[in-house]
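These notes concern the structure reproduced below.
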Amino acid sequence: MKRRLALLSAAGAAVAASGSARAQAPASPGKERVVVQISTPDQRMWNQALNYVENLRDLYGADKVEMELVALGHGIGVLKMDSTQGSRVADALKAGVQVSACEVTMRRQKLTREDMLPNLGYVPAGLGQIIRRQREGWAYISG
Amino acid sequence: MKRRLALLSAAGAAVAASGSARAQAPASPGKERVVVQISTPDQRMWNQALNYVENLRDLYGADKVEMELVALGHGIGVLKMDSTQGSRVADALKAGVQVSACEVTMRRQKLTREDMLPNLGYVPAGLGQIIRRQREGWAYISG
Amino acid sequence: MKRRLALLSAAGAAVAASGSARAQAPASPGKERVVVQISTPDQRMWNQALNYVENLRDLYGADKVEMELVALGHGIGVLKMDSTQGSRVADALKAGVQVSACEVTMRRQKLTREDMLPNLGYVPAGLGQIIRRQREGWAYISG
């Protein structure tokens, strides 16, 4: 009986530990995952979101963090061809950051991919992407 | 012994799976749950929060998503009788979205229910409601 | 066999329950934990973040909530010596709230601790601190 309980207790501890990891740690062990929302028309906040990318790479190390910038609504301008942040977006892409434009917003604002910076990712709905990332255990930062 | 271990392992897997679902998926299976915070004085962001409601219904389907808009602080104006978004708030309510006004904010700004749009929900503290929703596993969007 | 299954089932239930608590409730039982991000240059939002501190203490009771305000980027001004919110920050500190200035931001803006309000906490990276708190199960509020 004691043996059985010990087994149960060991199994319980293992499950509890993995449950904890699942709830509190990034999906991929040793790698931090962060999704950043850009949805305001304030260009100072666009600049700041790009700072976040640099800061997180400095903080965790380039190969220890996975980042996605999702631009939607009033934030979509950060990814337009005439964006004040064009060269910094290019840098982020080169550094392996996912940069995602919201296609719902693009339709609302009658934007095509020709209006946008090169090499972006596109997601059907920026909001849905942010929600999905939260479900997958990514940390969420409102930019 | 093998049988016991198999049992344990099956139980562990079941618990692990349900733990995973609990941490990463909506509380109600097959239904996405999202709480949206409206707390800025920027009316463009009020308009955007109402866009979110439409976008999420289009994305998931009306019966596959549960949404709550919580207006507090500088965002409470979106729910006042003279709100620029009055008809869109009415549409959201008709569509089954929970729209919640923060009573702490209302007291601070000396607002009564007569000052507010019809058919709203009221929560003792908007911030507390957002925190509660996060605890219940809802995705969180800062509007 | 039934007895073994009952045991397993009891163990499963206990683990499931603790898993649930872990995912949805604060790390410390009976205590709500909330991290608030201050990152905009809008001083109305600084004032609002300090309101949040008061509201949460009123809502949960002073000894039932643990709060951290993290100021970074365009929000760092709320913690500078000339902040419009200086006396309210002092009140928050007196009340046991953690108030954390982002050292990445301070370097970017060439600020030293002499430029800042007294008695603050300092974190190497404000963004990293917010991410860490989310991992630890704190609720997250974008201020």
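Letters A, B and C name the chains as they come in the text, with residue numbers starting at 1 for each one.
The working rule: contacts are C-beta pairs under 8 Å (C-beta built on N, C-alpha and C of every residue); 3 or more make two chains touch, one makes a residue touch a chain.
Keep in mind it's a predicted model, so treat the numbers as computed, not measured.
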Homomeric contact chain B-chain C: same or different residue positions, threshold half:
different
Turn needed to bring chain A onto chain C - CA fit, degrees, nearest 5
120
Cα centroid separation between chain B and chain C, in whole Å?
21
Multi-chain contact residues (two or more partners), chain B
4, 8, 11, 15, 19, 23, 140, 142
Residues of chain B that touch chain C when the two form their complex:
4, 7-8, 11, 14-15, 18-19, 22-23, 37, 39-41, 73-74, 104, 108, 124-125, 127-128, 130-131, 134-137, 140, 142
Residue positions on chain A within touch of chain C in the complex are 4-5, 8-9, 11-12, 15-16, 19-20, 23-26, 32, 34, 42, 44-45, 48, 51-52, 55-56, 58-60, 139-142
